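Here's a structure for you.
In order of appearance the chains are A, B, C, D and E, and numbering begins at 1 in each one.
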Amino acid sequence: MTALLTTQGLQAFYGDAQALFGVDFTLEQGELVAVIGANGAGKSTLLKCLTGLVRAPREAIHFKGEAVGGLPPGEIVKRGLAMVPEGRRLFPSLSVEENLLIGGLSQRKGPWDLKRLYKLFPILAEKRHNPGTSLSGGQQQMVALGRSLMSNPEVLLCDELSLGLAPIVIREIYAAMPDITREGMTVVIVEQDVTMAQRVSRRIYCLQEGRVSLQGRSDQLTRDQISQAYFGL
Amino acid sequence: MNPHTFDVVRGTSASRTALIVAVLLVALAASLPFWGESSWMREFVEIACYFIFAMMWNLLAGYGGMVSIGQQAFFGFGGYVMLMLGNFLGLNPFVAIPLGAAAAALIAVPVSFVAFRLSGGYFAIGTWVIAEVFRLSFANLSAVGGGSGTTLTALRGIEKATRENTTYWMALACVVAAIALVYLFLRSKRGLALLAIRDNEVAGESQGIPVARMKLAVYVVAAFGAGMAGALYFVGNLRISPDAAFSVNWTAFAIFMVVIGGIGRIEGPLVGALIFWAMNKFLSDFGTWYLLGLGLLAIVVTIYFKQGLWGFAQQRWGWSLFPTQRRLVLPMPSTEKRPAPVSSTPHLEIPAHAKHQ
Amino acid sequence: MSLLALHAVSKSYGALKVTDDISLAVKKGETLGILGPNGAGKTTLFNLISGDARVDAGRVEYEGRDVTALKPHQRCHAGIGRSYQVPQPFGNMSVFENLVTAACFGAQQTEHEAWETAHEVLQQTGLMPHANKPAGGLTLLNRKRLELARALATRPKLLLLDEIAGGLTEHEAKQLVEELQRIKSRGVTMIWIEHVVHALLSLADRLFVINFGQKLAEGEPLAVMNDAEVRRVYMGMEA
Amino acid sequence: MIETVLQGILLGGLYTLFALGQSLMFGVMRLTNTAQGDFIILGAFAVIAGTSLFGGAPVPAALAVLPVAFGFGYALQRYVLNGTLGKDPLPSLVVTFGLSIVIQNLLLEVFSADPRSIETGGLNTQGLQIGDSLSLGILPLIVLAIALVATGALQWLFARTALGRSFRAVSDDREIAELMGLNAKKVYALATGIAFVLIAVAGALQGMRTTVSPSDGPLLLLFAFEAVIIGGMGSFWGTLAGAMILGITQQIGFRLDPGWGIWFGHIVFLLVLVFRPQGLFPKTRS
Amino acid sequence: ADTIKIGYVSPQTGPLAPFGEADKWVIDQMKTAFKDGIGIGGKKYDVQIVLKDSQSNPNRAGEVANDLILKDKVALVLTAGTPETANPVSDACELNEVPCISSVVPWQPWFFGRKGDPAKGFAWTYHLFWGLEDVIANFTDGWKSVPTNKKVGGLFPNDGDGNAWGDKELGFPKPLSSMGFTLVDPGRFQNGTQDFSAQIAAFKKEGVEIVTGVVIPPDAKTFLTQARQQGFKPKVITLGKALLFPGAIEALGDLGDGLSTEVWWSPSHPFTSSLTKQSARALADSYESGAKKQWTQPIGFAHALFEVAADALSRAKSQKASDVRDAVAATSINTVVGPVKWGGAGPFRNVSKTPLVLGQWGKGKKYKYELTIVSDEQAKSIPVGGALRPMPG
């Protein structure tokens, strides 16, 4: 079976500074892959390339057989890739429900709609008319996740879901993951917490200074291997 | 810790050469009345007014982060106060120039109270409204001729040559003073504070910078300079009217000069003023087309040369005539690259225990 | 005697009571850890202490005097230094100049003294290689370091740290704690907001837990962490 | 007194139309358009030029100008103004300020400085007699009605429609909005296109009501701006209310002394700034 | 041959541009007239005319005047078109000691607006035009011929002209009341006012039947439409400045018919150019055929300024400033706008008056609106074309 999403020798730049140095990355239909790595390793940059927020060469990224590198984010969302950005970033002047509706703009068909989301996160239904930013951090993360789900993506990219969240919230969010993957959605999570990453994912990519330093099945990698790949020793 | 392990560099070789050239130029300029033509002096006075005004606008917007379209309020106010002191109190108009500037600085204090309620683009237009209030107020003041304006009669007795030379030297002194003042100000600690505020007001305040006081100081200094330019201009022009004195064109030209030259750098208004002078001299007969071109030039420069022409040159060739930054220089920078910097940069290596956990 | 004391301070944004009648005292030399769910009002509490926000009710006392009416820069002069959760560097200035500014104005030093201070802090925080780079171009991690460095350059007696370990690897977090330990040993009083609980626990003398703008618990770290209510609200564990 | 207030409200209707475009562009792009007044005048001249094309019929000409204005605004934003957006307000200020100079001089070159107006076939002189002494102009009443409709429509568009949601989302966080599939540049261009339709309407009505000449723009900008600020940013009904307050205070000022009317309006604006810097009716986000 | 330069400043752009509209054409004509040069002090000089635009901006007017004097080194400066241009130019000339002849400003705003001292007069600047006393006489002559209640509403803006016309001592108020008119003056207003309902309300309240003033064209339009809307229908509307130009009248649409204004020059003025020997009619005709536009009043005065300049220069002892000035001061010629001669007492040392009559716009044959002279009480030599009609409707 061919991979759903691949990158080949992906390079990325911020102005003159290079952030990715030839990353090869594959994603199979329906799996949950974790990307780990130290600060500044390029995890967010990888996700941003995949969603078009950072420009990439056309041929460097293939999604369902089509070269999508460098397409504008809107085009990529339409094709079925969505991202939960680092730091939640809800739209402050939109209510919870409006935030979710914006996520549904691409109008892809699929299981996720307001009703389904409110079932997954009942608290959001309660606060649907509140401004998104008046919610607690964890609730905001739920909105951010829901907002991306609303586009019914085939691949969901989550950047540091747990950053700056209280432990209780992290649990709640990860508790929702099985619900999300159950219907065949492919998920990529970027995670600082290696233990958590290992526990929830099937495969792990470890980035280090813009290169893939380790990849493999989560249950087959040892802590030693990971630490080494992490810090480059 | 050994205090002699580093050095802080502030000047560049270009800046030192520039200083020498500048001193020579000023000396040459000061002697102009003895060998030059009176039309040159007049031209210089005019461009000096534009330049001082632009310099002050640059200080305000480029360093203070306060983009104002209302500096003509102080330009006109300085002019009117000079005129009133001359016409009503019989003061020598040359003495009245600094007084007009001081009056502009003084009125800037209450004005700031209103203007500082706004920020960003709204500050810009808000200051314009304030300038309009100045214009309308003077336009309704019949003592100074109302909307039709009036004439500075105080200079009628003074001989032509004396008048021209004095005006010229005054203008030259004002230009030199304006550059020196702004440069020294920016090189000092206060300059740092200004840059910090421009970048981030909230953080500046919490790092101990009295933000409100600094902004007020800049605003007042800029008003002083604008008032000076205005007083000087109307001594050279003799006739004042509210529409002329408080015309938004003053600020428009200042913005164009500064933006074309490069905002937030002292060289900016200098370069801008030179270009403006050249364009005005050779193209102003084209009237509408000239102004149209000026507008387009400002647009093009803003979009394609965000740093202005001097900023472009500075990036390209590293020119800087008035450096204000501080560069930290360590002796033997190669030590940083050595494999085992023992304890000086502890964050970069990983002790053994971190690998396991 | 306590260095800082909050007496029944409250703060609302619109209808939302973000800080609700909080009283709190910090002794000289002590390190107080602050915990609480997102949006509990921790950062707001810092804003009230540093003066970035004004209290609606209550009093802020520092070194025994009432500073409630003082502006942030005045409180900084008095010795309150802070870092921001979302880094707020002076982006167009170099890292070195950021620190010189903080030393000049926060610690009210002369230009030359400020150079010394800045140099010293650069070494302390490992920012030396970036000294002449514009602060706006730093990576997030280095920006966070700069937050700490800049607060240190103001020569604070009371240091307010807002989530400076967030996003650090375990190793980096460890080094950070060591650095803070050194600062602490020089007698600097600290209040530290942190979600990375284990880092916080390794330094804090006392914990203060906020929930919905109110005090939930306060006291000796282990006792607080074992508090049933704290475990339920913050850690999400049933007691 | 009643007449003064009524005339003030009618004037406010006109100011509302001047201000709505400004309010919209600021609300979506945080862009302060210092050429607002000049664009209004440009709109008026476009209708004047169009009227001669349409054989002297102003209404079809005005209607024909609307899509042109939309396209012009769209293109202007897309190809010029988008390049100036950002945290720093200076580039957009300079560019719109430059545009203002360009427009004024271009109009001067093309149409000369002669004041012109849009022929309305006598509509502009008709009045509605109320009682024996009071007569209100039909045209100002129409202007007021259009202003009310435009405000309502804009508010509805902004608060209730998907397009309005997109406007707000892009204005809040451009990057994330793009991630959700919005093309920020297009959304901005759309907002400016709509703003320019309003500007053209304002221009056409201004040209019908009075004469326009190429240098009239800046004054209109100041009125528009004052209305936006007095009303409080971010709410179109606030802008309407601000415009009404400005109209009424100017009218009162004019009656006290014609020389001080506009000055009086400015002063009220500055007082609002001092005592309620957030405006009288800031948007309470619910 | 050497060249002598004449500077000319007028508003060619900006709100006052109609005043300078004809200047380019007039100067083109002058080039032909001067093609053989002028003899000064027995020497032939080529003549070069340097035209500068004041952009309707008094500030700019002063600047370009200074340029003319200091850079171009002109021997003589001519300027015309409202106090906003002529006053700063005259001031600059006075300051730089260069002779200047100005026009198209009633003499009071020119003289008193520049803080002139009647005891001393000016040393370098000379003016030719009519005065407020003439405009008042003409307006009132016209008004007396129409039955009204003699209540006059005044629209005096806050500019050079408006302040002079509305001035309690020099302007309209005194003579009007002595002639039995009641003046209702709501106060000075800013040019560019959007709304005249305050004035209209005041006029209605006082039962005004005659409206006068000196407003800029856009304001006249605003006032007239709003007056109509608000049911205010005066019997006579006589305005200075706003109603001079056919373009402005056309812009008023139907409101243009019946409006009256002062006439300083027209094709039917019985004068001839000393320079080209054209009659006023011939001058206007050649403008209409040359510029493809309806004639306007400034044509005659722009032409006359050059007549005076040519005459004075040819009489000057040398091209030195003081000699030229002396020649200007000694001028006595008949121009296409009437006789010009300086040297009276008080301000008239520097002011030479030209005749003024009253005109009224009506539907025309060749153009949409044409101007007819309706009162020549003040200058009997100028033929009348009809009587002042009350406003239609």
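A few points about this structure:
What we mean here is this: a residue touches a chain if its C-beta (ideal position, glycine included) is under 8 Å from a C-beta of that chain, and two chains touch if they have at least 3 such contacts.
Quick caveat, the model's predicted, so the values are computed rather than measured.
Chain centres were defined as the mean of their Cα atoms; on that basis the chain farthest from chain D turns out to be C. By number of C-beta pairs in contact, D-E leads when A-C and D-E are compared.
Farthest from chain B in terms of Cα centroid separation is A.
Between the Cα centres of chain A and chain B there is a gap of 49 Å. As a whole-number value, the distance joining the C-alpha centres of chain D and chain E reads 37 Å.
Note on chain placement: the centre of chain B and the centre of chain E lie 42 Å apart, centres being C-alpha means. Look at where the CA atoms of chain A average out and do the same for chain D: the two points lie 43 Å apart.
Looking at chain B, residues 136, 139-140, 288, 350, 354, 357 sit in touch with two or more other chains. Residue numbers of chain D whose C-beta contacts span two or more other chains: 108, 259, 262.
In chain E, the residues that touch at least two other chains are 13, 158, 188, 190.
Residues 51-53, 72-74, 77-78, 82-83, 85, 89, 91-94, 98, 101-103, 105-106, 129, 131, 147, 151 of chain A are the ones that touch chain D when the two sit in their complex. Touching chain C in their complex are the following residues of chain B: 1, 3, 5-6, 8, 188-189, 192-193, 195-196, 198-200, 202-212, 325-328, 330, 336, 344-348, 350-351, 354, 357. Residues 50-52, 71-74, 76-77, 82, 84, 88-94, 96-98, 100-102, 104-108, 111, 114-116, 118-120, 122-123, 126, 128-129, 131-132, 136, 150, 154, 170-172, 174-175 of chain C are the ones touching chain B in the complex.
On the side of chain A, the complex with chain C involves touching residues 38-40, 134-138, 140, 160, 163-169, 171-172, 192, 230-231. Taken together, the chain D residues at the contact with chain B in this complex read 26, 30-32, 34, 80, 83-84, 89-95, 97-102, 104-106, 108-109, 218, 221-222, 225-226, 229, 259-260, 262-263, 266-267, 269-270, 273-274, 277.
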